[in-house]
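Each in structure tokens, the structures are laid out below.
Paired with subunit B in one complex and with subunit C in the other, subunit A is shared by the two complexes that follow.
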Partner chain A sequence: MRRIGLPGAFLVCLALASLCAPLIAPYDPLAEVGQALQAPSARHWLGTDLIGRDVFSRILHGAARTLSVALIALCSTVLIGGALGLCAGFFGGALDWLLLSLSDALLALPSLLLALSVLTLAGNGSLQIALAAALSGLPAYSRIVRATARSVRTQPYIEAARALGAGELSVLWRHVLPNALPSSLSAGVIAMAWAILNAATLHFLGFGGDPSLPEWGAMLAEGRLVFRAAPWIAFAAGAALTLTLLAVNDLARRLAAQ
Partner chain B sequence: MLRFAVQRALSALFTLWSAATLAFIALRLAPGDAIVLQLALSGATESQIAARRAALGLDLPLGVQYLNMLSRLLRGDLGVSLVNGRAVTALIGEQLEATLALAIGALLVGTLLGLALGIGAALGGHWLQQLAQALIALLLATPVYWLGILAIYVFSVWLGWLPSISRDNSLQALLLPCGVLGVALSGSIGQMAAAGLHEAKKAPFVQTARAKGLPVHLIVWRHMLSAYGGALISLIGLQSGFLISGALVTESLFTRRGIGQLLLNAVNGRDYPVVQGVVLLSALAYSLLSTLADILAAWRDPRLRRQGL
Partner chain C sequence: MFRNVLRTAFLLSCASIVFLVCAGSMFLLNVLTRPIAAAQPAASRIVYGLTLLPSGFDPHINASAELGIPLRSVYDTLVYRDPITKAFVPGLAERWEISPDGLIYTFYLRRGVRFHDGEPFNALAVAANLDRITAPETRSQKAIFMLGSFERYIVRDEYTIELVLKAPFAPLLDSLSQVYLGIASPKALREYGTDLYQLHQVGTGPYQMVEFIPGDYILLRRNPIYRWAPPFYRMDNPAPVEEIEFRFFTDPATRAPALESGAVDIIGELAPLDALALARRDDIALLPQPIPGMPLQFLFNTAKAPTDRLEVRRAIITATDRVAIIDSVFQQLSPVAYGPLTAVTPFYEPQVKQYYPHSREVARRTLAELGYMDNNGDKILDLNGVPLRLIVIVPTWGYAPQVAQRLQSQWREQGIEAELRQVPNLAGLLAAVQSGDYHLVAFNDFGADPSVLNNFYLSDARNNFMRVSNANLDQWLRQAVQTSDPAQRQNFYTGVQGLIMDQALILPIRDYVNLNAHRKRISGLAFDAYGWFPLLANLTLVGDD
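Showing the complex of A and B:
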């Protein structure tokens, strides 16, 4: 617990709250349950939005969307980026060259633009946004895994394993992987932060299909329109986004410091 | 030095070529034919679509299409918009000035503020360090549009000093967008500057300067920044990707005309040639900026000429 500290605890609580959102949210996030643009009160903790939906319930349900995007991004980054980076770093040669030039090309494209091109080609639904956002941290992550795998490759215990007659694949699986992946975990968490940020940005810009779905970026876009009359909508969504990103970034910092 | 510059420029060209190839592959990998899909959206008939495909050269073999694309790119031709049939370069050219004004202003604000934050976080007294580190963490966790909404509220609605809609490139219209994007940018510049200066603090020549009893400001300005300034320049060059995507979002927030508006309309209309043009142009801008920054850095700091490649 001390390893992940306060930010980890916050993220765990957020995950629990979002899992239980249907049970603990006071209202249906999509239903009009009160008058429009009511200030925060005992009945509506964070007020109501443009058409009278409960902002607190929407924030809770929005957490589930944000965290699932983060999870999809983390899994796909670690699986794809990890596999590519490990093989490139361990085997070297043409594969390594290919990965380096591919990631160079991807790194030259701002991740938001990359995500927008994916949306142009694949259409703009929630799943496309999650996948497009998941691409954001992939090139940087695979580069870091590659570098770690390269440095692990020359360690004495790898040489020892080879001297004992272990095959290349088994060395990769049993020795390089367990030593390279944990030390690049921090980079994976940073990729997650990028995915959260980019997914929220895409929703803010109006992509992602149905704008009535509870999503923090979309709520910020809505709150911006009525900021003068009802600043609590944008404040709630913005604060939720900032707190989550702070927690994720701090988690990455703590993991890197180990 | 010249050898380094040429090597660096060649590797940037190679990166651009891979980015163009990637864009070409992405279009062919996409589910459905992007061009057909777009035309069908606008209600074209089968024969119109076929004629359009032929006109765009889409019925040729893939290899020929690829070579055609490369040769057009080399001539600076990014194709035509599927929606209004105008050249993509012309469409971008009309919007470029507005985006450049925003980006340059923001880079200036971001670099100055970021360096100040970085110096504070790495070298300040206890309280200043804590404050600067907290500010950097907060800025890194605050999306540019959220910062922008707050800034619009404070400066346009509450104080009434600056317009919330940025119409032209006058100082008054640019101040708020440049400020918002610059402040957002200063978080990551500050983080990298702090990390660099933290390393620099441990360097032997800094320890010597300290042992000699030089005042802190002299150590910082004369020794640390002149030794690590080169590395800092190239790190700031790496932020140009953030600058480009941040500029697009900022434009949308301040309903400002520019590349951002062009791009968002193109994504909504599934106008792939325009999207691809903007993406390739920003890859060009990124490569140009980071290459220039690296060359500038290596000129300032000969040690960097041996690294990086």
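Showing the complex of A and C:
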């Protein structure tokens, strides 16, 4: 508990809640279960939306979508960006030049624009959004890992390992990777936060396929339309998103501090 | 431990900030917008809120309806449509004649008319405008298509011009009455060229463009020498508005607060719930304006199973409770739509109301007769193992997502599954339609002439999203634009509307109504025959509210 802190506990709870959403959500997130735009009450903890659906149930089910985006982003960023950055930083040469040029070109574009380009090519849908949001953070992440690998490879213990006859791949795997891991993981978690935010933004803008599926960004957009009459919809989605991002960022800070 | 307490306190304060930001945003908006209102010159200038930022504001080039809101009053047109009767009345042309074969329109122009830059208006000015609109380098997105079968013009004398057509085209007068064919000063057209003219527009209308800062505002000033108004412009206006500033309020959530705070005096496209809240205020009047043209509707793809079957389409319409949708999404501020034209469109046929009254029982029986049963217990009907599943393409505008979600919910209760595919923009919608992988798509268009249907229902139409090919429909739609006899046109359009509904080509939802509201320091707000464009010359300042 001390290591992950309150934000970590919040994320664990969120993950559990999203996994058990079908069991613990009071209502079907797609069903009209009451009158439209009812204020929060004992029956509907966060009120109902314009269609008469339970906002609390939709927030719970929306958590699963947000966290799956987060996981896809974390895995793809850490695996692809990490491997590329590590190899480029460690081996240098043409691979390094190629990665630098590519990431420089991609960094010139705002990450949201990059995500929009990916969506244009890959088509519209939830999975595509998750991938687009993840890939848009890749250039920045691979640059961080590359820089870490470059600083690690000049350390005396790397030279010592080489002097003892260790092969390049073995040095990379056994000495560079473990030492580059903490800061890479921390950067990966920050990339995950950006991916969550970008995915929510894309849903907010109307990408993502089915508008009836619960998603925090889309709920925020829908809540804005009825903000004066029913501020709880936008507030609930906004608060869920903000707290999750705060928790993820705090987790990244803790990982970096260790 | 102390660090944990600190961190908890930090997170709690962050949550409080989120709450304060959300709950206080309305208050902040009020506070922020007040200084703008105070900075206005009080009596003679008003602010009109635009709701869209179109890509361009040149009526000859661009197609957005938004541009007409300010520019309808900058330009006069050869003819006008009376806002109430929808009849054609003289504009810059005092009178006109149509040859018996419908191929030559002769316009006798008004004398003594001057453009805002002092240039005289005459037949050569009309010719220069037609040249500009039809020139390929202008790349007109709308005006050129509105000219239909226009071939050439002949300038008979200084105040007489003939428009010669290749084939009869009855909607020509309707086109000539629209701002897209407004007559601009030839001198200004020459001086500024294709790209820059939109920033320096010069017409003959009751207001002249003073300044246009793209993305920021447009300023119009009253034309003091305007003496050639159509009959529905109020020339005895005791307190006309001297200056009108148009500002952009593209986010729907900001419109009502802007009006309440006084940052804007008139605004349209209000959210229904906001409109109801504003209507309860003493200092604001609500003015819902029905728009002629097509309703909010879902077009069936008749080339893809199961909506290729007429009975399935009929059952889907019957299964839909449109009144419930209007009640919840539009707060009863829009009429239910029954056919391919809204009730305020000329040649609307009220008989369409008889088609497909809502009945879950009839819908269920129809589908059962076709063989649709829930054979696997998943609460979705299926036929030969294939579930009754509809792919619906939903744009983000016009409350289509909210309507589509209600449809999905209503249909689910009746064993019809709907997969909604939201598209964020027009390009996405056209690409989705191009693929052919859909059963319904939400789309509509506006216009005071029913020939707007031709763009959708002709078998070779650009927007034939229904993939319909019906010989009768083709013939009637074509003949209806070739005859100028109103009785004949009524016959054709009665047939067309009946046929479209009999074949269940569309699921109409609601007649479009623009929810406008204005502060009561202004009176006389009225709109032209097309519903979108205000008659700014008729606005009267009543005093401070």
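What we mean here is this: the second predicted complex is superposed on the first by the 257 of 258 C-alpha atoms of A that agree within 3 Å, B and C clash if a C-alpha of one lies under 4 Å from a C-alpha of the other, contacts with A are read in each partner's own complex, and residues count from 1 in each chain.
By our rule, a residue touches a chain if its C-beta (ideal position, glycine included) is under 8 Å from a C-beta of that chain, and two chains touch if they have at least 3 such contacts.
Treat the numbers as computed from the prediction; the structure is a model and nothing was measured.
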| item | value |
| --- | --- |
| Joint occupancy of subunit A by subunit B and subunit C, clash or fit | clash |
| Which of subunit B and subunit C A:Pro211 touches, first, second, both or neither | second |
| Partner chain in contact with A:Leu6 - subunit B first, subunit C second, else both or neither | second |
| Contacts of A:Ala234 with subunit B and subunit C, given as first, second, both or neither | both |
| Partner chain in contact with A:Arg162 - subunit B first, subunit C second, else both or neither | neither |
| First, second, both or neither for A:Leu245, with subunit B first and subunit C second | first |
| Partner chain(s) touched by A:Leu121 [first = subunit B, second = subunit C, both, neither] | first |
| Contacts of A:Leu109 with subunit B and subunit C, given as first, second, both or neither | first |
| Partner chain in contact with A:Val226 - subunit B first, subunit C second, else both or neither | second |
| Touched partner set for A:Arg150, first subunit B, second subunit C, both or neither | neither |
| Location of subunit C clashes with subunit B - one stretch out of 20-28, 92-100 or 290-298 | 20-28 |
| Set intersection of subunit A contacts, subunit C complex versus subunit B complex | 124, 205-207, 224, 227-228, 231, 234, 238, 242-243, 246, 250 |
| Touching residues on subunit A, where the partner in the complex is subunit C | 2, 5-7, 30-32, 36-37, 50-52, 124, 205-212, 222, 224-229, 231, 234-235, 238-239, 242-243, 246, 250 |
| Of subunit A, residues touching subunit B in the complex | 101-102, 104-114, 116-117, 119-122, 124, 197, 200-201, 204-207, 217, 220, 223-224, 227-228, 231, 234, 238, 241-243, 245-246, 249-250 |
| Contact set on subunit C toward subunit A in their complex | 4, 7-8, 11, 14-15, 18-19, 22-23, 25-26, 251-253, 256-257, 271, 273-274, 277, 328-329, 394, 396, 401-402, 404-406, 408-409, 412, 419-425, 428 |
| Residues on subunit B engaged by subunit A in the complex (per definition of touch) | 11, 14-16, 18-19, 21-23, 26-27, 30-31, 34, 137-138, 140-143, 145-146, 149-150, 152-153, 157, 241-242, 244-245, 248-249, 252-253, 263-264, 266-267, 270-272, 275-276, 278-279, 282-283, 286-287 |
